[in-house]
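Order of writing sets the chain letters: A, B and C. Residues in each chain are counted from 1.
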Amino acid sequence: MRKKYGFTWLSKLMFLLPGILGICVFTLIPFLDVLKRSFYTSLSKEFCGLANYRAVLQNQAFRLAAYHTARFAGVCLPLLLVVGLGLALAMDRYPFLEKWKAMYLFPMAMPGASIVLVWKLFFARQGLLNGFLGSRIDFFQGENAFWMLAFIYIWRNLGYTLVLWLAALKAVPGEVLEAARMDGAGNAESFFYITLPCLKGNCFTITVLSLLNVFKVFREAYLISGPYPPAEAYLLQYVFHNWYANLDFDKMAAGAVLSAAVAGSTVLLLKRIWDKGEGKL
Amino acid sequence: MKTEPKSLCRIRRTYKYNKSTILAVLLAAALLCGCAGPLQDSAPNGGISQGSSGGGAVASAAMGRYVEEQIPANYKSYYATDIFPVEEGIYLARNQGMDELLVGDGQGVKAQELLSQDFLSVAESKAMVSMSVAENGARIYEYVEGGQRKRYFMTSAGEHLEWDYYGDGPAVFWYGRDGYFYVSSLRGSAGAGYTTALCRVDVETGETEYLWDIPQAVINISVCGDYLFAGYNDGHDCGIMIYSISGREQLEEDKVLTEALQKYLEGSMNTERHPYLIAASQTGEGVYVLTREGLFRHVIYGTVMEQVIEGSLCSIGDISKLFTAMCVTEGGSGGMPVFWLAYDSGEAVRFVYNKEIPAVPDTLVRVYSLHNDNNVRQAVAGYQSRHPELYVRYETGMAEGDGQTEEDALKNLATQIATGDGPDVLVMDGLPYDSYVEKGILMDLSEMYARLAAEEEYFGNVADGFCREGKRYAIPAAFQFTVLMGEREMIEGIDDLEEFASLLEGLETEGTSKIGLLTEDRILKAMAMVSGGWVNEKGELDREALNRFLSLCRRVYAADRAEMGREEVQEEIGLRANRLWYTRHGASVYDFMNGNDLYCRNTLSDSYCFYGNPLFMGSMGGDILTELNYLVSELAFLGKDYRVFSDGDTACMPVSMLAVNRASGVQVEAEAFLQYALCADFQKSVVMNGVPINKDALYEMEKSSLDHWPGHYSSMSWNYDGQREESVVLEIEWSSGEDLRKLNDLLDGIDRTNVCDTMIYNTVMELGRQAVNGEKDVEETVDAIAEKVRIYLAE
Amino acid sequence: MKDSLMKRAGCGVRHEELFAGKGGKMGKRHKIAGTVKKYTVTMAVAGLGISFLLPILILLSGSLADALEWQGRAEALALDTEGYVDWKWIPDYPTLEQYKRLLFYSPAFLKLFWNSVRMAGMILAGQLLVGIPGAWALASFRFKGRGALFTGYVILMLLPFQVTMLSRYLVVRQLGLLDTAGAVTLPAVFSTFPVFLVYRSFRSIPPELPEAARIDGAGEWRIFVRIGIPLARGGILAAMVLDFLESWNMVEEPLAFLKDKSLWPLSLYLPEIGLSQAGFSCAASLVTICMSWFVFRIFSDSLEKGIINSGL
């Protein structure tokens, strides 16, 4: 028994080791480097303590971007989750609808550059949508820009959200639901009291993924609006991007660490709420 | 419990060989067959040629490369039509008959005169249009006399026989080096389609044999062994057709060749200055293809274009030199072939392989610009050829047709600079100058400039715009400026945009536009060319200035269209879109030079005017003296005058702003490069985009221009719509001393440089539209612009 | 039995209250309402799905029109006049010219296509070998600091590429990988993203199974391969599909690390979207999407099966 235990310990390690090594090299080291940069000036590499953080927090552009990013995440994430869940429930209830799933996944397969072309054709002042409605709304300005961005985000990410929710729903034990129904629980009740709690873990996963994708929506938005979009669509990524191009690496690093800290604590908070089962198994 | 794991393990994977799998396999197969098997490609090219777009595979410690040698010819200034090997050496044919025989010995190449008296006597008195000469001395040529084309075939004995196979149609002659002249004649039209009739003439007997019709507009014919390559461009389509001469049939297209040459064919319809050349190798299956990127060896229907000579390292990459002919001989050192190349300037060079020197020189000087800049490209070519011990590499951040955006390129540059891998010379066009100065990236050039200015004269008024706190970090190599054209009394006294707007409002035209700008976009761009910056000294947005600017634009917009109805405006815009040359600045004098439909008769006054407009505005930004010739002649024809357009003070737009990276490891060489790019020798010998900043260079160019005065420079003819029978011919004269003096005075009067921050410029262009066409209030728009710019300035 | 089932699902539910029985409302009225509901839901789902496809239809229609027609259509957009884009779903002169040009006359496109395939393939293979076992370890092994490690994995995902680009560039340069395919594939192989995705599915496997196998003397690897993977197949396949899409559409990493254009993946091929190239660009986009679609189709069936099986 003793010998076997030692042996398995080594083979267990082999599961993790390659991954951790690689992650250390390619992800952790850059992460730490960014952290380091946040305490030094950009090109001359002088230590300046918290000066960068102060500069960033006082920086108007950063504050504006942070506010709008938070707003975007706050509005779009729940929207995405709810719509995804709704669709998944519908497909779960009526299994014949599942063949429509592929259609929702298509947007994810589209490369960014072609999305931009289509978007421009569609949303331009002389575009298809305006032609259809007979109006001349400028979708690229002001509030409209925000909603357009939100629309792009949801359009892109609904597919995989749906897939993941579906997988999660299927994992809810069917017998329990049946038993509940036999005992007379209605649809709503069985949903809220049985299904939903079982989904907590998956909800956490999907939320984190969607949060990551909030950052990824940057590429398309940037291709459409250029590096200086209207204020309402000005996300954190733009600030970082512009700082980078202007060689302000110190401010960028400080800003990134700040936003990662905020995002990180949100994630941890969610984990606490939704993923309490950690460590029990 | 024990049995569970095993039963679970029995879950087998079943692959459904359903429709989708089959379709996937089919698609994969189609893709594999459709291309020429890129998986077998081991060479780094495979259709994508390595070029001077930076970052290609840099050689290791390999030895040996081709070195360029100038050929000391006798008649250098005469355009060379052909170059081909004969028994005694290399035959260099020039269009007036000043042929030469190049004989190479151990020491180099010597040129012997080979004047053919029989031909010279004809060439002296006639205007030769096209000519080709063969090894045995036979010639076939065409000249124009009294409006008629005359063609002759001159035998090797000197007898001139009339040759009128094609009647009146134009013909172009090519020597096939296989005992025949090949003649192509273009027929047809853009509407009905072009065909080129091909025939060949035996150089011994003069017998003509009709070959076949090529169903395209052919601009270049090359004969290599049994292959005949016909390059065509009919405006929509271009490519290379391959024929077998012996079989008299068309062969399959060589896709790799076509793809490599397509972009060169697209830009050219010139049958004399070739965008590319193909020559046969004397041994083996391959052909040699010459393009701006270099010399490549290619096996017909093969997959690879193997680069033999890198264009950017020698004069091949110099865009001011246009190719006319090329040939290949064997017997060079190390068994490598020797390449002979003739340029339209009359120069000839040869490339010999030298295996002693490294394949790539040790010292690398990197010159970077965001977009392709021809001024810098020529400077790089010139500097490289003077310093073969260096490797001067020109890199552009954005190549054409990429998935990249400008910002991506900027980010890559930022990465390079931050990691110490930055380029040595930076061309600041499009780069954030002030930001870079702030970060201390650029070297202070004040000393260098002081030294240069002590020896030669420069346009200090332009160069000074780049001083920041008394130090200079960039020097422009050239600059552009805007001119306003119209009747003298009208444009005299227009000293700022206010007066300009008032002038437009006061003008009366009958249903035509006043200055031909019409759209918000073009008006904004044109006015921005001359307007002052919109950022005050503190770095904030100057709202007043912006307000004034936008209001003026709005007035100009309204005034420009005042006399036209809505449909007329739309029509005009549609018409102009196809004709005018959209530059960054909205309008260019080049529009003007083109003639053709640009002028029409003003029915009221029975005089000519631009499109019916009394005024016209454009930027002068190309070959200044040529543009001046056209400008002066055409204005004289129209009875109008020009002046530099200004808003209070006169501004110019600097281009090709050169700076040196402080962290560069080759600062001395980089500075030397700048010095070369700014010196008179260089600036007067190339065709620059814009006015050269070196005053001495400009004066030299003017002097040699004056040598031709008074004289005929060129002529233009056109007929305009609706009245096809009426055709107008305009003679373009060389500018007189007075014209040149006027230009110089105007240039000296420039007070400031208009370097506008890209972001602010783009924002004003974008959001200003609505203010100009009246959809929004000017105040509102200024607010919106300020909002947007605030973010940018706050970053 | 109910209790143990509930415990296995890990749900803490007050099932006693639920089964106290509240009496359901069943009846004929519900049947009609049920059908109506069914149709509305179908319409909603289908309608939304089709509208999601709209861009693809635009691409399809655009790719069948040649350059001249595009010029005419997009005139309003290019010249910025008052009209609207003159869109025709079926082009006046449909032509396969764009596809022909793309597939037969653009060796660059095909070369980049295979680049993409190779890159995506290598990344997926790498992730399978490295990431999945890692996820298994995190999900089912018990060791100190597991929670912290997992949290660390999640935090590391939160910095977008933008920000770490410079640092990564330095690392890649140090390793001598700049300008090789490895510069792009290796960081992606060692990304924490797939670990995170698959972790969830591994967690849903009841721990008694591997425990039992362990007691029976099976080695860790066998347990992983025979129990872990089959049971979590659905999750693994979903993760693989998502990863494939990520690597297929990668744009920023290749731009930053690959200077040599012949190494670029297909996602960077699509030319700058000038309207003159619009038709060609549409065709190129569609062909790019097709490949992804095939992957979907091939795996979607296995996906279905896997999900069903994992529910056992």
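By definition in this document, a contact is a pair of C-beta atoms (placed from the backbone, for glycine too) under 8 Å apart; a residue touches a chain by one contact, two chains touch by 3 or more.
Everything numeric here is computed off the predicted structure, so don't read it as measured data.
Asker: Of the pairs A-B and B-C, which shows more C-beta pairs in contact?
Answerer: Pair with the higher count of C-beta contacts: B-C.
Asker: Please list the single chain whose C-alpha centre lies closest to the global protein C-alpha centre.
Answerer: Per-chain C-alpha centroids ranked by distance to the global centroid put B first.
Asker: If you average the Cα atoms of subunit A and of subunit C to get two centres, how far apart are those centres in Å?
Answerer: 14
Asker: From the mean C-alpha coordinate of subunit A to that of subunit B, what's the distance rounded to whole Å?
Answerer: Here subunit A and subunit B have centroids separated by 46 Å.
Asker: Just curious, how far off is subunit C from subunit B if you go by their C-alpha centres, in Å?
Answerer: Distance between chain centres, rounded to whole Å: 44 Å.
Asker: By the touch rule stated above, which residues of subunit A touch at least two different other chains?
Answerer: Each of 113, 241, 244, 249 in subunit A touches at least two other chains.
Asker: Residues touching two or more other chains, restricted to subunit C: which are they?
Answerer: Within subunit C, the residues that touch at least two other chains are 80-82, 165-166, 170, 251-252, 267, 270, 297.
Asker: What are the residues of subunit B that contact at least two other chains?
Answerer: Expected reply: 403, 405, 411, 418.
Asker: Which residues of subunit C touch subunit A in the complex?
Answerer: It comes out as residues 2, 5-6, 8-15, 18-25, 38, 41-42, 44-46, 48-50, 52-56, 58-59, 62, 74, 76-77, 80-85, 87, 129-131, 133-134, 136-138, 140-141, 143, 146-147, 150-151, 153-160, 162-168, 170-171, 175, 186-187, 189-193, 195-197, 200-201, 203-204, 207, 214, 217, 219-221, 224, 234-235, 238, 242, 245, 248-249, 251-252, 266-267, 270, 273, 278, 281-282, 284-285, 288-289, 292-293, 296-297, 300, 307-308, 310-311.
Asker: Which residues, counting only subunit B, touch subunit C once they are in their complex?
Answerer: Touch list, subunit B to subunit C: 1-2, 4-5, 8-9, 11, 13, 16, 18, 20-21, 23-24, 27, 30-31, 34-36, 38-39, 41, 44-48, 53-57, 255-256, 258-259, 303, 399-405, 408, 411-412, 415, 418-419, 519-521, 570, 573-574, 577.
Asker: In the complex, go through subunit B and note every residue touching subunit A.
Answerer: These residues of subunit B touch subunit A: 403, 405, 407, 410-411, 414, 417-418, 432, 435-436, 439-441, 759, 762-763, 787-788, 790-792, 794-795.
Asker: Over in the complex, which subunit A residues touch subunit B? Could you list them?
Answerer: 42-44, 59-61, 64, 113, 222-223, 226-228, 230-231, 234, 239, 241-249
Asker: Show which residues of subunit A lie in contact with subunit C when the two form their complex.
Answerer: Interface residues on the subunit A side: 4, 8, 11-12, 14-16, 18-20, 22-23, 25-31, 33-34, 37, 87, 90-91, 93-94, 97, 100, 102-122, 124, 126-128, 130-131, 155, 158, 160, 163-164, 166-167, 170-176, 179-181, 183-186, 189-190, 193-194, 197-198, 201-202, 205, 208-209, 211-212, 215-216, 218-219, 237, 240-241, 244, 249, 252-253, 256, 260, 263-264, 267-268, 271, 277-279, 281.
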